[in-house]
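Across the two complexes that follow, chain A remains constant while its partner is chain B and subsequently chain C.
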Partner chain A sequence: MSLIQEIDFGTPIRIAERTVTLTIDGEQVSVPEGTSVMAAAMSRGVKIPKLCASDNLEPFGSCRLCLVEIEGRRGTPASCTTPAENGMVVHTQNERLAKLRRGVMELYISDHPLDCLTCSANGNCELQDAAGEVGLREVRYGYKGENHLDDVKDESNPYFSYDPSKCIVCSRCVRACEEVQGTFALTIEGRGFDSRVKPGPTNFIESECVSCGACVQACPTATLIEKSVIERGQPEHSLVTTCAYCGVGCSFKAEMRGDELVRMVPYKAGQANEGHSCVKGRFAYGYATHKDRMLKPMIRARITDPWREVSWEEAISHTASELKRLQAQYGRDSIGAITSSRCTNEEVFVLQKLVRAAFGNNNVDTCARVCHSPTGYGLKMTLGTSAGTQDFASVDYADVMLVIGANPTDGHPVFGSRMKKRLRAGAKLIVADPRSIDLVRTPHVQADFHLQLKPGTNVALVNSLAHVIVTEGLVNEAFVRERCDLDEFETWARFIALAQNSPEEMEQYTGVPAKDVRAAARLYASVKNAAIYYGLGVTEHSQGSTTVMALANLAMATGNIGHVGAGVNPLRGQNNVQGSCDMGSFPHELPGYRHVSDDATRETFQALWGVEIDDEPGLRIPNMIDEAVAGNYKGLFVQGEDIAQSDPNTQHITSGLLAMECVIVQDLFLNETAKYAHVFLPGCSFLEKDGTFTNAERRINRVRKVMAPLCGKDEWRVFIELAHAMGYEMDYSHPSEIMDEIAALTPTFAGVSYAKLDEMGSVQWPCNEAAPYGTPLMHVDRFVGGKGHFMLTEYVPTRERSGPRFPLILTTGRILSQYNVGAQTRRTENGFWHKEDVLEIHPFDAEQRGIVDGDLVSVVSRSGDTALRAKISDRMQPGVVYTTFHHPGSGANVVTTDNSDWATNCPEYKVTAVEARRVNSLSTWQERNAEEDVSLRRVLEATPDAAE
Partner chain B sequence: MTVPVAWDENLANELINERSGLEGAMLPILHALQEKFGYVDSRAVAIVANTLNVSRAEVFGTISFYHDFKRQPPLGRTIKLCRAEACQARGAEELAAHLEKSEGVQIDGGYHNGVRVETAFCLGNCALGPNALFDGELFGKLDPQSLRELFAAASRKAGARQ
Partner chain C sequence: MNQDTHIFAHEDNGAKLIHMAQEIADYFHAYPQERAVESIASHINHFWTPKMREDFLAAADAPGQTLTPLLQAARGGIKRKKIK
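Moving on, here comes the complex of A and B:
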């Protein structure tokens, strides 16, 4: 195994209809029009020396190393800034050019430290390579002239170091920050010889930098370099794998020294991220080897007992006998499992198979229940498939983006950067969000409309947008007539045209001025390509599914389905939300979203699995908890999820867990749920897995094992062994065989295999005989189910309303540096940016309550109360407060209620009526929780290892 | 030239907002700030950035690019002495050396008797060089005598202000 080296063409290979043909060093080369001479040369393997060029950046022409001769032209133009033209005859190497390049190189090296042997970039330095390529043998200027060798390092960022003494001021970092990331945090200070790269008037950590790593990746020297490389040295081999954070699903090269991970480098050929990354995927992997990792199976009789480490054999046989005992005592349906959207498709598939085949019921649900279950429902009802319609690249062609209930620059940063790039190029933006998220206004991006609605009024807003489209004659009739069910459309159009749905009427609920809604609707309907992007701000409501359908209606009515630049696009929260849903994690659906009551589907599975499958849907997570409280549900297998922290109304969840007799937690850490567990099975980090994740664009990406499981067992093997112990046999020797079974059973996956994934890099489902190379764009000529279905979407206000006791509305969300319950990111240096969850509150509300910035504030709802530090913020609207739930002690979900989406039970995290007031101490729940953090997590000190 | 006033955030906001609609508003804004306060205060960076919806780094980078934008309040008055090619041809270098010697001021150094002498590169008056600029007024055909007088006048004005 060796280090994967990707070709750098120096400048982007353009997309153009016409190609041009030129001669480079005597060879004919054809490239798309607009491509540079440098990239044309590299496309034939001719590398022209360069320093300031990189193919993810626009050409700049500053280093003067890539000079070439072009016959018939004067001088020696820079090949990076010279577009290739028909008939050009280019010479990249001759004595004159060599002399020029050596001269330039001498100037660079005269102001560069000569410490190559001890430099952290040694072996991976473009300056070093270029010096070699131009044949530098002496520096006639000497090294004693004016220089920058005493410039002071900036080590303020926890992940990378900036050493200006090694900087050649090629501006690649500055340009990467602008063009790729879109943050504009870097600049060149001064001019001429004094020029220095600078993160504005401050150091890196205090600057606007978001630590995406694009500058570090762009740097051709050791000026900007990962601290992990400084500490560990250059990696020697690498494997391409997929990030385990958000639903963007970025491809990374895991660069290793032996079995130690040196760094994660975004993979240019990765089709989801195209070489970009964010602070989480790029740097926040330290949790994988954190000392908190639990590596041995453990059991205990009661949750107040200390944990006892046991062998895998004992853990599995104990678990199996407990589950069998419960079924014997309380019935077949008294146990079930929750699959994790962070695990691989293969692991999820095998776990749901374990439930359906070995437990003999359909009590399997997934954490997507609490995030994107309304997406599954809403898009299936309207468009016919429970998935987004586009690939990420589609946004490059969007003329208008409607971003609703999503905060891409924090939640999906790599895609957020891609959106910003398109917005800088002129696309229009409508943001519908109760908060002023960054996209509303961030350097060089400004939303044309910010529809700052009140939480819980999405349906009212989207209906009023649709009302304008229908009543102002903006419907794309040709599309509707050809592609959609016409009767349903007419029923819908009559409904939506009712005065009750007009922006003027809805304004009383949404708080959004009707004229803005009208203007935004006209903008959305006025362009060829209008794209909808949404997130949990749409789904996590009492009418989550209704909003999803309302958005699909909007897209169909304007013909924004089935072509590039348009579509309805859910931004998925976790790395494998799409996949875990695809894999049959819902209690009513077998893999591929086929209902368990469908005889033909069940028969397919029964034939292969050799068991009877229950034709009745099983329990959803909230039902499992309710049934547990009622005494009917006794055993739960929780795969890589922390319901005691992430699910709403914590105290209800924990009372459900307390009522069970066998809770099995499989996780990297002793998480909050594990405090209530009787069996703990250590899990594997994504670095220890072979498998696949499916991202928000239905892209199936390979996850590759770069180190052996630290706990000694692959997760999927645990399910096989547990099934065996319970009397059901399944057998796989590698996850690829699991994928083969998935493909055999699921029509949308029929063409998927590891061989194909290795060959293509990734593939977007449906991938089958009709689409052997996958489907980047869905519903192109017809909807998957035939016709598009307009659904009636009447606005029904949530029961959760502010009133005299609870005058504020709490809405919850995420921030850039932390991820979900924080189990991973809290165990990395990312904690630097977000040490605790805070309550964001508008200055007006704060003043009314005498709250100042930093005060400890109690947040009380009818579910419970917790205390958080206040942060006064005018990103909020008056009457709305905001917090995150990245830290378990914050208890944000102690406050949220068990209200949920009418169709899918997705919790209404985004709307909780609360009151906030200053307090002197933490809440009773927080104090008890802190005690239980110790009392319910004790481990018997069985071995010296455990005592460490 | 108006006498610089002390940093005043409201005033700065006013100057910035008045110009924020201009095409390429950054430079006119920075000039207006410098004109009013005698320098561009570091506190202006965030305000300009926010108003123009650019990053703080971009504003900072622009300020730092032009030597003409000062980052500290002025301690006296400034004479800009042209030392570009045309003025050089007409004796600007000798004139500069003379001034340093006779007045003890270091060109592009600190303040001396309340005056700082700064190199400029072309004031657009090449036919009549060597040239200098003081208080918005152009002085051409300078010789050692007239430059010394200009320096003395600048020094008096600087003193008068204190």
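Moving on, here comes the complex of A and C:
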């Protein structure tokens, strides 16, 4: 195995209809119009020396190393900034050019430390390479002149070092921060010889830098370099794999030395991220080898007992025995499982098969229940399938973006950067969000409209947008007539045109000025390509599914389906939310979103699996907990999920867990749910897995094992062995065989195989005989179900209301540096940026309550109370407070209620009526939780036998 | 095992199921009566376990329990648990 080296063409390869043909060093080359001479040369394998150029950045022309001669032209133009032209004759190497380049290199090297042997970049330094390429043999200026060799290092960032003494001021880092990331944190300060790269008037950690790593990746020297490389040395082999954080699904090269991970480098050929990354995927992987990892199976009879390490054989045998006992005692439906959107498709598929075939019921649900289940319902009802319509690249063609209930720069940072790039190029932006998210105003981006609605009024707002479109004659009638069910459209149009849906009527609920709604609706409907992007701020409401359908209505009414730059695009929270849903994790659906009551579908599975499958839906997560509290549900297998922290109304969840007799947790860590568990099965990190993740654009990406499972067993093998112990046989020798079975049973995956994924890099489903290379855009000529269906979306206010006792509305969300329950990111240096969850409160609300920044504040709802530090923030609107739930001790979900979406039971995390007041102690729940962190997590000292 | 020291007042299952069914009815309320009635029952049949459906019907029959007219009209379409 070797280190994967990607070709750098020096400047971007342009997309153009016309090509130009030129001659380079005697060879004819044809390239798309607009391509540089440098990239044209590299396309034939001719590498022109360069330092300031990189093909993920626009040409800059500063280093003067890439000079070429062009017949008929004077001088020696820079090949990076010179576009290739028809008939051009280019010479990249001759004595004159060599001499010029050596002269340039001499100047660079005269102000650069000659410490190559001890430099952390040694062997992987473009300056060193360029010196070799130009044949530098001496530096006539010497090394004693004025220089920057004593410049002081900036070590403030936990993940990378900035050593200005090695900087050649090529500006690649500055341009990467601007062009790729869109943060504009870096600049060149000073002029001439004094020019230096600076993160503003401060150091890196105090600056606007978001630690995405683009500057480090762009740096041609060791000026900006990962601290992990400084500590461990250069990697020697690598594999391409997929990030295990958000639903963007970035491809990374996991660069290794032996079986130690040296660094994660974003993969340019990765079709989801195209070489970009965020602080989580790029740097926050230390959790995978954190000391908190539990590597041995453990069991205990009661949750107050200490854990006892056991062998895998004993753990599986004990688990099977307990599950069988429960079914014998309480009935077949008394047990079930929760699959994880952090696990691979193959692991999820096998777990749901275990439930349906070995447990003999359909009590399997997934953590997508609490995030995007309304997407599944809403898009299926309107567009015909439970998935977003576009690929990420589509946003490059959007004229208008409507971002509602999503915070892409924090939640989906790599896609957020892509959005910002398009917005800087002139696309218009409508943000609908109760908070002023970064996209509302960020460097070189400003929303044209920020519709700052009150939490819980999404349907009212989207209906009023649609009202304007219908009543002002902005409907794309040709599209509707050709593509949609016309009767349904007419019914919908009559409904939406009612005065009750007008912006003026809805303003009383939304708080958004009617004139802004009208203007935003006209903007959305006025362009060729208008794209909708939404997140959990849409789904996690009592009317989550209704809003999803309202958004689909909006897109269909304006013809914004089936072409690039448009669509309805859910931004999925976790890495494999789409995949876990595709794989049949919902209790009513077999893989491929087919209802369990469908005889033909069930017979296909029964024929291959050799068992009868229940034709009735099973329990969803909230129903499982309710049934447990009622004493009917006794055993739960929880795969890579932490419902005791992530699910709403914590005390109800833990009451349910306490009422069960066998809770099995499979995870990397003894998480909050494990405090209530009787069996702990250690899981594998994404670095220890072979499999696939499916991202928000339906892209199936390979996950590749770069190190052996630290716990000694692949997760998918655990399910096979558990099934065997329960009397049902499954037989796979590799995850590729599981994918083959998925393909055999699921029409939309029929053409998917590991061989195809290796060949294509990734593929977007549907991938089958009709679309052998996948489907980047859905519904191009017709909707999956034939016609698009308009659904009625009456605004029904949530029953969660603010009032005298609870005058504020709490809404919850996520931040850039942390990820969901924080189990991974809290165990990395990312903790630096977010040490605790805080309560963001508007200055007016704070002043009314005598709260100042940093005060401990009690947050009380109808469900419970907790205490958080206050952060005064004008990102909030008066009457609305905000917090995150990345730290278990915060107890944010002690406060949230068990209100849920009417269609799917997705919890209403985004609307909880609360009161906030200053306190001087933690809540009773927090104090008890702190005690239980110790009492319910005790592990017996391992005996020699158990440790073997 | 019952080590619950966490005391939390909680809706009983029957009341909760009636509330859930009512929310489904609230959504379909916008449709003409015939379609709304069919859609409510279909939604519940589609997503609820047989036991949840039985528990709902039992709760709906409890003395003093009243359903909204739309939900009342839909209850006849809710499938009973099959005898296996």
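The rule is simple: the second predicted complex is superposed on the first by the 942 of 948 C-alpha atoms of A that agree within 3 Å, B and C clash if a C-alpha of one lies under 4 Å from a C-alpha of the other, contacts with A are read in each partner's own complex, and residues count from 1 in each chain.
Operating definition for what follows: a residue touches a chain if its C-beta (ideal position, glycine included) is under 8 Å from a C-beta of that chain, and two chains touch if they have at least 3 such contacts.
Worth saying up front: this structure is predicted, and the values here are computed from it rather than measured.
K.L.:
Contact-wise, after the overlay, does A:A659 reach chain B, chain C, both or neither (first, second, both, neither)?
P.N.:
Only chain C; A:A659 stays clear of chain B.
K.L.:
Examine A:L792 and indicate which partner it touches, taking first as chain B and second as chain C; both and neither are also allowed.
P.N.:
So A:L792 only meets chain C here.
K.L.:
For A:P503, is the partner it touches chain B (first), chain C (second), both, or none of the two (neither)?
P.N.:
After superposing on A, A:P503 lies clear of both chain B and chain C.
K.L.:
Give the label of whichever partner, chain B or chain C, reaches more residues of chain A.
P.N.:
Larger number of chain A residues touched: C.
K.L.:
Output check: A:P443 vs chain B and chain C. Expected answer is one of first, second, both, neither. What do you get?
P.N.:
After superposition on chain A, A:P443 lies in contact with chain B alone.
K.L.:
If you stack the two complexes on chain A, which partner ends up touching A:P648: first (chain B), second (chain C), both, or neither?
P.N.:
After superposing on A, A:P648 lies clear of both chain B and chain C.
K.L.:
Looking at A:G200 after the superposition, I want to know if it touches chain B, chain C, both of them or none. Which is it: first, second, both, neither?
P.N.:
The answer is first: A:G200 touches chain B but not chain C.
K.L.:
Need the overlap of the two footprints on chain A, from chain B and from chain C, as residue ranges.
P.N.:
The overlap between the chain B and chain C interfaces on chain A is empty, containing no residue.
K.L.:
Under the stated contact criterion, what part of chain B meets chain A in this complex?
P.N.:
Chain B reaches chain A through residues 42, 45, 49, 53-61, 64-65, 67.
K.L.:
Flag every residue of chain A that touches chain C in the complex, lowest number first.
P.N.:
302-304, 333, 495, 542-543, 545-546, 587-588, 595, 597, 616-620, 623, 626-627, 629-630, 632, 651-652, 654-655, 658-659, 661, 792-794, 796, 864, 900, 902-905
K.L.:
Show me the residue ranges of chain A that touch chain B in the complex, using the header's touch definition.
P.N.:
Touch residues, chain A against chain B: 183-191, 198-201, 207-208, 441-446.
K.L.:
Provide the residue numbers of chain C that touch chain A in the complex, in ascending order.
P.N.:
1-4, 6, 8, 10, 12-13, 16, 20, 23-24, 26-27, 29-31, 43, 46-52, 82
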